[in-house]
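Take a look at the structures listed below.
One chain, subunit A, appears in both complexes that follow, with subunit B as partner in the first and subunit C in the second.
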Partner chain A sequence: MNQEELNNKLLEIKDKLTAVEQPADNRIYLACEAENAYAVNKFLFEDVPLRFVIATGIDSDDCFEVLYHYAYDETGCMITLKVFIRDRENPTIESIAPFLPGAEWIEREIHDILGIEFKNHPDMRRLILADDWPEGVYPLRKDAKGPAERPDGEPSTRPTIQTQSPARRTVPLAKPVIAVGPFHPLQEEMEFFQLTVDGEIVTDIDMRISYNHRGIEKISESLQFDQVAFLVSRVCGICSASHPLAYVQAVEELAGVKPPERALYVRTIINELERIHSHILWVGLAGHFIGYDTVFMWAWKYREPVLDLLEEITGNRNNYGNVKVGGCREDIPNELKPKILKEMDKLEKKMDMLTKAVLDDPVLHARLKGVGVLSKEDAIKYAVTGPTARGSGVAIDVRRDDPYALYGDLDWNVISQPQGDVFAKAVVRLLEVFESIKMIRQAVKRIPDGPIAVEVKEIPPGEGVGHVEAPRGETFHYVRSDGGNRPVRHKIRAPSFVNVPSFRASCIGEHIADVTITLAAVDPCYSCTERLAVVDQHSNVIHDYEALLRLSRDKTAQIRKELGTQGIKMEDL
Partner chain B sequence: MSWKIWSLKKSPWVFHVNTGACNNCDIEIVNLLTPKFDVERFGIKLVGSPRHADALLVTGVVTRQAAPRLREVYRQTSKPCVVFAMGACACDTGIFRSGYHVVGPVDKIIREIDPNAIIAYVPGCPPKPEAMISGIVKALSIL
Partner chain C sequence: MSVPLNILFWIVVIPGTVVFGLVASWIVRKVSALVQWRVGPPLCQPLYDIMKLMGKEILVPQEAQQTVFMAAPLVGLAGILLFSIMLWRITITETAFVGDIIVAIYLMALPSLALILGSSASASPHAALGTSREMKLVMSYELPLVLAFIVVIIKTGGQLNLAAIAQQTPALSISGMLAFLVALLCVQAKLGFVPFDIAEAETELGSGVLMEYSGALLAVWKLIQAVMLVALPLFLVTVFLGGFRPNLWAGLGKLVGILVLLILIKNTNPRVRIDQAMKFFWFYCGIALAAAIILAIIGNYCGVGWL
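And then the complex of A and B:
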């Protein structure tokens, strides 16, 4: 379908819509009332079909709005469906989660922060706010007393995940469960998983987030447009180039600003360097989880020169703070160009070696192939993005589908693998490093002289969306302005928000020993496996995290023994 | 110097607690273990349980959901235990000061249960690995 056919297809449902706007070729805004929302969403997701990105809840003056963002990847079109809920006292809307499991989390989140009821939602437990947050206080409503309001009061009585230790648990569990989290010594952030097991097989998985919820969307409403870029680079330290870029692109779209050409080159180079260091980081951690600590150490050693380059360009190893509305803050000095090219040559050789060592290893084949499979159908239903989607045969990549910065002019390939297992995801990430090296080389060689920023005076009223292919997938930002100097609503969707719920599809039916690597395979921004106790009710055996890691490593050792190989030798590297 | 402090300074085992960080400080902490920085040469080792830890490396602002867990982790450590507030957020909540889900910097939460806790601060966003090593060495040398 080309853009015109898509426009015609969307008009099939126009009797249910109240407005259709198309500010640019590949940006469409539709509007409808709450009672038609379910039918329109079903049409967009199932009949067109579009990829679900995220939903945004907004407290407007006279009503609530829920914005459903969709993408049509063939033409890079972003379609936003605005639904108005007129009843402010009892805001209610039909849930779309029954046919779109990828929307389950975001509806729970909107309920938490805005108090909108979703009818027929399968699981309306608290998601984003703390267990002791009082019921009925909605932080993103405009009548909340500002971002720093920290209400006390009766804690919520809504059921939440059983996070207590077995000794303090008030409700007995019907089945044996494994509690995973919320702390882990090697993974970065807090996250709590509960695996229900039958012997060795995982039969269900449940998750609790909120440990890391800092209320960035609300803080953003109290900062000026220029300051928000620094805030969003701290959404995630590893995607600290992608988040500000997506935000800045949203504001540039809103204000109609076009950054100068050199700025696009600088943005591309920094974003690709970020992708390289993030993918190498993942390879290292994945190696650690299955007992290949040599891979861990070598990968992280190769990652260091990339961080040094980033430090030399932007002044910091992470949190670059380099992108601003209208361009960039720091330039890449021309005398640094030979050094970048030299480092890329060195890195390519080392990565070549590492990739061969990983991909040719029979133990890794046996250990990772067919493990944690996320089928193509599930990948679409859960609306996953990035290497998680590309490893399942869904070849989407924002850099190609809706080119930003310089990506439209570069020569590179989208890597995808059809199998959907952990091995496929590893292959995608490893091969993407080479594509990134290729892109950086082209960009560095062709970078033109000129200014790196244009002056931006005012941000007019309006709205804009920006999306960027972060290392983990599509980062999406929606910004709405009323003509003042602060955004009135700023929605952020990090790729892990849609990738993490897909564990329900990929972990169920797996062995416990395979769970650590399956959880790690989507490179979640918050995966945690520490303080982990495996409780088997039949035998009362309690394992801890170390035991689980040991299980995972023992399995690797067992396979290695059966295959009769010695693992990676130093001379292979 | 008591033998406890002496032994703690020789090879501090550390436990890493993320209470709402953006991953940056955490990744830099993991970086400390890898070949370029390699803190194991000082006897510093990352351990998997707070009960084995001589020091806590706490990163990030303390969010409402994380505060009780941080207190619990601190209770589980064997004393004396040095708490390192790693990064601007942990030291003084940094850019997230006005967040509704943020209950305070690390020292405030720890002092609620132990007013005499030993707390060291390593500022930066994120602190460079060299700064982290320097902070740990400085704190241990004044014990």
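And then the complex of A and C:
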């Protein structure tokens, strides 16, 4: 189906829509009222069919909006369905989770932060708010108070470790439960998996995230467009080139800015270096998780020169802060080109060795093949992206489907494997490293001279979407501007947010020993997944710098009073 | 052995075994580090670890069966020390006082049994899973281990006495070599080394069987593991490689050689699943040993030494 046929197909539900806009060839905005949302979503997901990306909840002035973002990967078209909920007192909408399990988490999130009810949702527990957060307080509404002012004045706690809701329980509680988390050697970050086991077999899994919220979407609304790029590079340490790039592309689309050619080369090279180091990092961690510490140490040693290169280009090993609206901040000096090429040669040799060692190891075959299979159907239903999808035979890659930066001009292949097991995901990642090396070589050789940025003065009102293939999958950013100097809404969807829920499809029925590597196989990134909590979960932290300073001074004064000493004055010194 | 020497032996043997064990565990860590391009710890690091653990608080889970939980590591330590005293006695004086191979097999199983007891008394689901894995693992490797010793007994003409077995070198034949290799893998499993660290499986069970142990009790488990690092290779040397003949250095060389072999296996393999381990020991090792036994019997019957 090409773009024209897609447009015609969308017209089949014209009578349910209130508006259809097409600002660019591959950007379509549809609008409809809340009562038609279910039917339109079902049509888009099942009949067209489109890939579900994420939903965005917005508190507009006179209504609530829920934006359902879909992608059509054959033409790289992003389709956004805007649903208006006019009833501000009791905002209600039909849940799409019954036929689209990938939407389960985002509906819970929107319920948490905006208070929109989703009818017929299978499991409406809190996802990101603490369990003792008061009912009826919705932090992303425009009238919400700052986190320091919790309405009931009570201290908040961390999320509890009770993950199983009665509605979800498929086995009686008498079954033994193995807790993986909130802190566990398997995980570098806090998250909680509750495995119900029968002997060595896992019969149910439940997850609790949100131990690590920072409220980045809310903070983003209070920063200027230029500052947000730095903020989103802190969404995740490893994807710290992908997030800003996706954001910047969304703003550039909104403002109609075209960055100069050299900037596109720089962006491509940095993003591919990031992919290489992230994939090698995963290989090492996966080795560690199955008790293969030698692979862990070797892989991480091979990763070092890549980080060094990134440091030489941007000044940082992570959190590069290198893209801005209209181009890049730091150029790749021409003197560095031979060094990059040389390092790529060295890396290719090392990775060749490592790949052979990993792919030919019979014990690894026994350990990873047929383990944690995510079928193609499940991959589509849970809307997974990146190597997780490509390992299940869903050959999607934003770099090819909706080319950004330089990817349209480079010669490379999308790696995909049909099996869906952990081994397939490992193969995808290992082979992708070679594709990245290939791309970097081409880009470095062809990089033209010229400026690396154009000046951008005003950001007009409007909206834009940007998506980038991060190492873990598609990173999606949606930005809406009202013509001021800050975004009015900035939605971030990191790949792990859709990849992690797919554990329900891939882990049940597996051995415990296999579940741990399956959990690791999507390369979950929890700081990415949890970028959104707007609220301060542990109320003793107060976001406001002034307030912190005041607290600190008060405490000093208190201690002085207790000790009965006077403060040291300037005169005494 | 003269009387003063005898007294000296009894004074030195237990602390000596522990010191040897700590050095062995340093070797394990250092060689692993070198394989992985790391620097590795200083020589005294295992000792510091034990000392530090000794000074820490012992936490006993509320629902644990306290007596068993506390006694298990001590039983394990007693068993493994007794085992190593026996071996040293044979190695140094070449007279076995109580030691025949059957006793040794029983004593060798004691630390694993103590581990199973202790962890199942600790009332933790992770430890329970670890216990069930450890039990399955013990059942998997004990059978091939005993079969391997049967090969030795056949090769040495029905000898059960360890000192007498140590006078011969069964590994210098096809069946003996097969038995030695299988026994080496069983020792790998007994030590809880990768690929058979299934019961501890840090990244799955968060150290599994040892999860609830802390402080001095954990230090005792670490000591048991350290002593096993010397005792089990020493046992292999005694049974298969002719003991400490022709001299002390050759003996130590064999010991360290086996240790390094174990470490290399440890560092070049991922962890297997428990069902894979069982299949490996029963099926593959079982077949290999059945062949070895037949070869050994034929060799004995026809008087062909190298079979």
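A few comments on the model shown:
As a convention for this text, the second predicted complex is superposed on the first by the 495 of 573 C-alpha atoms of A that agree within 3 Å, B and C clash if a C-alpha of one lies under 4 Å from a C-alpha of the other, contacts with A are read in each partner's own complex, and residues count from 1 in each chain.
Please note the rule applied: contacts are C-beta pairs under 8 Å (C-beta built on N, C-alpha and C of every residue); 3 or more make two chains touch, one makes a residue touch a chain.
This is a predicted model, so every value here is computed, not measured.
In the superposition on chain A, contact is made by A:Val363 with subunit C only, not with subunit B. By the document's definition of touching, of the two partners only subunit C reaches A:Phe289; subunit B does not. In the superposition on chain A, contact of A:Met297 is made with both subunit B and subunit C.
Ranking subunit B and subunit C by residues of subunit A touched puts B first. In the superposition on chain A, A:Ile512 makes contact with subunit C only, not with subunit B. Across the two superposed structures, the residue set of subunit A contacted by subunit B and also by subunit C is 185-186, 296-297, 301. By the touch criterion stated above, subunit A contacts subunit B in their complex at residues 129-133, 139, 144, 146-150, 182-183, 185-186, 188-190, 210-216, 218-219, 222, 230-231, 234-238, 240, 281, 284, 296-297, 300-301, 304, 317-319, 525, 530-531, 544-546. Touching subunit C in their complex are the following residues of subunit A: 176-179, 184-186, 197, 199-200, 287-298, 301, 361, 363-364, 366-367, 511-514, 516. Across the complex, subunit A is touched by residues 15-28, 30-31, 34-36, 46-49, 60-61, 63-66, 69, 73, 95-103, 125-126, 128 of subunit B. Those residues of subunit C that touch subunit A in the shared complex are 32, 35-38, 125-126, 128-129, 132-133, 194-195, 197-198, 201-207, 267-276.
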